[in-house]
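Structures for review follow.
You will see chain A twice below: alongside chain B first, and alongside chain C after that.
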Partner chain A sequence: MSVTEYDVIIIGAGVAGLTAGAFLAGRGFKVALVTSGEPTACLSTGCIDVCSRDHNPLIGIKELPLAHPFHLVPEKMIRESLDNFQTAMMDMGIPYTGAPEENRLVLSALGTFKTSCLVPSTMEAAPQNTKDSIHIISFAGLKDFYPSYIISRRKNTKFSIYDAGVSSTMGIASHFEEKEFLESFIVWLKGQNIDEDKIAFPAVLGLESAAEIVKTIANRVGKPVFEIPTIPPSMPGRRLFNALKDYFRKKSGDIYWAWPVVGIEKAGRLIEAVVTQSEGRPNSLNARAFILATGSFVGGGLTATREAIIENVFNLPVHVPGPRDTWFENDYFSFNHGIGRAGIIVDSSLRPAGTPMENIFVCGGILADTEILKNGCGHGLALATAHAAAQSCMEYIR
Partner chain B sequence: MIKADVIIIGGGATGCGIARDLALRGIPHCLIEKGDFAAGATGACHGLLHSGGRYVVTDPIAAKECYDENLILRRIGEKCVEQTGGLFVRLPGDSKRFRELFLRGCEEVGIPTDVISSTKALDLVPNLNPEIEEAIKVPDCSIDPFRLCMLNIRTSQLRDGIIFTRHKVTEIVKSHGRCIGIKATDQATGEVREIRGNIIVNATGAWANMIASLAGCEVPMTLSKGSLVITNHRLTNMVINRLRPPSDGDIVVPNEAVCLAGTTSLAVENPDKIGIESAEVDTIISEAGRMIPHFNNTRIIRAFSGVRPLLKSKKMDSHEISRGFQIIDHTNGMYSIVGGKLTTFRLMAEKMVDTIMASFKLKKACETAEIPLDGQEELSGYPLSKRLADMNDIVCECELVSKKEVQRIINQTGTRNVGDITHRTRLGMGPCQGGFCTFRALGIMNDMSVISPEQSMEMLRGFLQRRFRGIRYALWGDQLREEQLVEYIYLGILAMEKPQ
Partner chain C sequence: MIFEHCIRCTVCVENCPVLRVNPDFPGPKQAGPDAQRFRSDREKAEDEWVLLCSQCKRCEMACPCGVEPAQIILKAQQRYGLEHPRTPAHLLFANNYYLSALGSLTAPLANRIAATKVGKKIFSAMGIATYIPFPKFRFRKLSWKKRTPNRRSRKVAFFYGCFINFYRPDIGRKIIQLLKSFNVDVVLPPQWCCGLPALGNGNLELARSFALKNTASLSNYIDAGYDILYSCTSCGLCLLHDYQGIMDIPKAKKIAENTYDLHEYILRLVDDNYIKPQFQEVRRKLAYHIPCHLRALGIGYPAAKLMSLIPGLECEILDDTCCGLSGSYGFKKSNESTSIQIGNRAVARIKKTGAGAIVADCGSCRMQLGGLSGIATLDPAEVISEALGITLVKKRKS
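So, the complex of A and B:
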């Protein structure tokens, strides 16, 4: 077994893990991040939802139930985490639009409005009302995008279909990265003589250069252009993940990719190492502190059995809303399913409650009482708690 | 106004079987079903074509009927029956006396048995509990109830039978005390149709008393709810029964790529208001797990329940109530046919149509036991090789259903209901339970202008709500994980609002 020594090891490569990692690596600590694979951020819309309970997310946060982990992060730090994120993403070439005091609307693939706070610049021109007429461009064979859903809610909508020669989200997106393809597409688009106020696309306008591509199309056609987030595979989610990953690496963080944690080594009140399943042999990664950012059920941080809910890395105590019957309500659309509150309860320094271990810090979707769907607080909560956990971790190892 | 000699209410196996029998005997008929075919107990059962073994000890008459019909269906419906064979396994502690009664019963009824050692049984079904004492081989089979209904209906359609699905009977029209017709409402458009006939057959299973009451009649029944779970894998290639008196969770049946296990048996009042309890799911899993230990850690993709329309009985435990059937002559032109089993549906239909023929004073004999079911050749028309060739066009990744196939069903049936596509293609029947593909199927229907954009939204909402009813009771492990993803997609990424 080989042994490597770090200041901090982060488990999980989602928005929370990569943000906490960049925070610490940027302050000169030796940081490694281990992950079993791609995070759920890749499946997301790429939008930074902070809190949808009020038009001003910062006020919305104040109205959250007392147990909500947002209350563990001072407002100043929440703002800081959002500012840092915007600066970092600008730096990485995927600028975000928006401000912490104001929610924005993003048009969904069903024609509804999704409330978010910071959105990729490719969604900036999305209508903020039901009046603007839009023209949707869809792509032949694209399985997961049907303009008719949007038309059912917005009567003043028209659509055209372009045959990109491929039909997958990724395939179309990579075509848009090619100059010639983009050029012939723009020629076609101009020929459509679009009368509507705005032009909408499913989010397939490029892999990494979407911001530039959207700008180019808008300039050439002379109309605002925006992307509509699609169901996975989601390009904006993937762009967000890639940018965060590159940013963390730029800050000299190490990433151990596809190395799931299969064990831990402890001594007294300290976790000394996580044992990961690397190619061919177990690999022990030592550190002075550990940040758990493995996400909830989808991310793989938590697993439910018929009898209990288990935290998969450190076997931390999990807050369970009640017996299995209470995990879900009968009404699918209730937004009140008990399971949304399952997770790890932490103290004010983001240390897990109910364990003697002193060098674990927890952030992101694995935290208890988040109710992410109900509160509209996904990636925003990840950014804020990642800052708070990294800050506590830094104070601890100093 | 539509006219037919016989009006059949109910599109379960019994109703569809009656339609086929009438068609083969040349009697004009019309079948009305409020949902899709097999929507009641027919579609909510194990899909087990009983050898009769399950009933030899408690109900030898039903056992004999089952075995006779088992032989007939294997002959006439080979494409919807999988001749899996079945085992009755005896676990340590299970009564040896029951084993003796079972073997004697099978011999008396004429069901062939073969007593095999546990080693031999494990050769046949490697996932079996290695601790079983022995196993008895019987000719149980797996049957696809939905295909069975469709194939029976096919004969009726080929011979000018009139079929209305998604039409709910709201009134029985009477004249001088006799039933002379029905009024039914199209569930999609609200349009009311009136159909006149000489005889009305009430083959509505658990809903029989409700329909009978529309004609001022009564059908004494005991409604017994049975719950089942579906696994993500095919854990056995044979039907596995527990060698003991009928009880909860004692049958596991392989079907296509999955297994069904159940059942429970609980008395209910209203067939439209049945839920499942976590305790039932746990019982089924632990009981099935005694026979197939791997059951305890297998992914369950859904739980569901159906209501057995049993004859009224004083017996408290409905596992003991006779599975026999009865034809009730309401002496006003209406007959109700209740009880019975999926396995004996053809026999029930034969007896019902014999009665009708007698009342019409016609003589033509039943041929349903001799003539193979029409349209079976088409069932093998969508093999895996074809599905893989359409891979780029796959709409449902779990069950490999292509866009072409969805379009073909829409064109063929003119359906406006995504459930109809599911039944005919298995779209949405895999692990994600339609989480991804229903959004697509409705989008395709919309593109084909079969439904309006507004309808597609409404249907998507309805679908998610119905789907959740089934999976809500199987949410732990990977199924919970995938369900959370589906929830993020619809309620998060797609920002679906609460229905009004």
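So, the complex of A and C:
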């Protein structure tokens, strides 16, 4: 009897890794997930961008360049992955609004619109036009959220400031979880006699029970209430991560924190184990298949050096978009930086190209040719490719 | 200490339990890598707020870039401790070992004094919080004695730690019995406090003197073919991480290479086919509070893995919450409110599970959570012993 041997090991605790893990664990496989830190999902807006190229994301996907990894996932599976996600998140208490055929708008902290597909219910009431009048409530001392930015871009917009007694995002969010605080806040809010159609907040309305808090405030003041995503620390991103993590655990997946993979053990065409250097001695975990979901550069999956781009776990061949001087455009804010296409090229079963290893599957942001910023396809691509990779992996180990 | 690797992503900030409830603490990013840029050897340390960090190390687990904010803060705490007069509470808790040894020798008297109003007033005057009952001293029952081991069986030297030794020797004896039932030879090597309380109270020098004595003693046993086991995860983290790190103890690497968590070791016995434990059914629902320092060890949750083999046992893993006590941190009047607020969050989460008892590897987590919730607490070794039908031969009244 071996208790530390797994069917599948997932590397990376982001949206892709946790989703692939839950998919397999939910089907009875023994799954472990290893990670060296928390994912970039924690820093995200929590919104599931599928494809922003068209009002209908599914049509937008069809228009993506041929090399885009979205084309490896059949439409039926894309729908399934989004549907499963919504069901899972509802189950975990953070419902998501939206449908795969229609993009929604989310008001940003700059007063611009962000296009997304599935959004947390706390952002559901965000205006879908420029006309709705909005009253923004911010908090005394809260850094990096300036209602004036939004007001400069929108007519019929006003703001008020509430003193929560603390000024950090985490501190305010924690306060909202306390009944007495919420109650006195609502009393204050009612006293403001707000005329505008909708009330907006920076996304600090709680951490564990944000959906409920937003609902409570909206009911009590009798107006639609919504959150505006902030720069990190991002509560909607953390809520998403926590929910995905709890869901994976609920499906009996094991998580190994503080477990950076520093080596692998292989035999012939198979990876047999991943190895970490814990405090005392190397520790290894064995499995029959491995899913690589370590993300791109910020996530830690890829490292760029002067000469090359390296994949950090299996040292897989990385697709490099031309010589280094073509990696970046002069315009910093351009969507066309060549580096956005760097990553791992995979075949139709999501196995990496150019390696003899047959039990590695790849999903999420580390894939090549995603151009996530340009195509507005971050978490949506992670969900879809996680399903595809998990499906292939399942067929392989069965 | 690679604070330059910090990309200011604030994932650590999202994980800090102190920041959530205490606005006086600027958080791991600012107290750690941010402030580090301004700390100079030529100026006196004025960052008193570093003492508000409880050293749970959740920031380090979360960091995707390998920065160790808690380690940076720990160094700042040592410096602050050196350059400023220490409070009575800091002095007492740094010398926790001697204090406890005295309390244990005079157990009935010490317990009675600690429970009286006058005793509590004295504690209070010294800056010691009394919101949860002070742990009860027991006569020290675990003695250092050598035995001639059986040649064919595995040999371990058990580093039981202060909590078991002075407060719960019954758990220590249960662990010894558990190991014996696995045909493992157990000895209790001469040992002192691991040094963590001294380190946590800004007394590196005292911590090192403990560490040097322990290293010398344990090293002899390693040479004689023993593996070292710990059951307290904070002792474990100190032996494995701090001896090599901040304490810079020669031979620390050797200790780390040969030291195992109790349940990690039992899992190895199972994997090596050395034992085939036959667990009896245990009809219980438990909430497994993961001590922050178990997370930080990077070995997964071995006790959870073992408990998952027990038929009928339902065990929900909770690793998002810190208990807030952090050894002697919460026992200081200045941290009392922070500690209680953090603890109450953990308790709320535990109560949601509807579990009949709380399991935690760490004695101080159990003290805090049991004290704040009124729910019974167990060491995982007690649960495993129960499932194997192991009871103490000589029962003592508690």
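Here is the rule we go by: the second predicted complex is superposed on the first by the 394 of 398 C-alpha atoms of A that agree within 3 Å, B and C clash if a C-alpha of one lies under 4 Å from a C-alpha of the other, contacts with A are read in each partner's own complex, and residues count from 1 in each chain.
The rule is short, and it goes like this: a residue touches a chain if its C-beta (ideal position, glycine included) is under 8 Å from a C-beta of that chain, and two chains touch if they have at least 3 such contacts.
Treat the numbers as computed from the prediction; the structure is a model and nothing was measured.
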Kindly say whether there is room for both chain B and chain C on chain A in the superposition, answering fit or clash.
fit
Have a look at where A:R238 lands relative to chain B and chain C in the superposition and call it first, second, both or neither.
second
I'd like to know which partner A:Y149 touches here: chain B for first, chain C for second, both or neither.
first
Between chain B (first) and chain C (second), which, if any, makes contact with A:P39: first, second, both or neither?
second
What is the contact status of A:N283 with respect to chain B (first) and chain C (second): first, second, both, or neither?
second
Put simply, what angle do chain B and chain C open at chain A, by C-alpha centres, to the nearest 10°?
90
Pick one for A:M170: touches chain B only (first), chain C only (second), both, or neither.
second
Which partner does A:Y256 reach: the first (chain B), the second (chain C), both, or neither?
second
Just to confirm the value: shortest Cα separation between chain B and chain C in the superposed three-chain model, in whole Å.
5
Hey, what residues of chain A end up touching chain B and chain C alike?
40, 43, 167, 232, 298, 300
Residue numbers on chain A that touch chain B, as the complex places them:
40, 43-45, 108-110, 112-115, 141, 143-144, 146, 148-149, 151-153, 167, 229-232, 234, 296-298, 300, 303-306, 323-325, 327-328, 330-333, 335, 337, 339, 372-373, 378
Under the stated contact criterion, what part of chain B meets chain A in this complex?
275, 277-278, 282, 285, 392-393, 395, 436, 439-440, 442-444, 446-447, 452-454, 456-457, 460-461, 464-465, 467-469, 472, 475-477, 480-481, 484-485, 487-489, 491-499
Which chain A residues qualify as touching chain C in the complex?
1-5, 32, 36-40, 42-43, 165-171, 174, 232-233, 238, 242, 249, 254-260, 276, 278-281, 283, 298-300
Within the complex, which stretch of chain C touches chain A?
7, 9-11, 13-16, 19-21, 23, 27, 60-66, 237, 240-241, 244, 255-259, 267, 270-271, 273, 276, 295-301, 304-306, 309, 317, 319-320
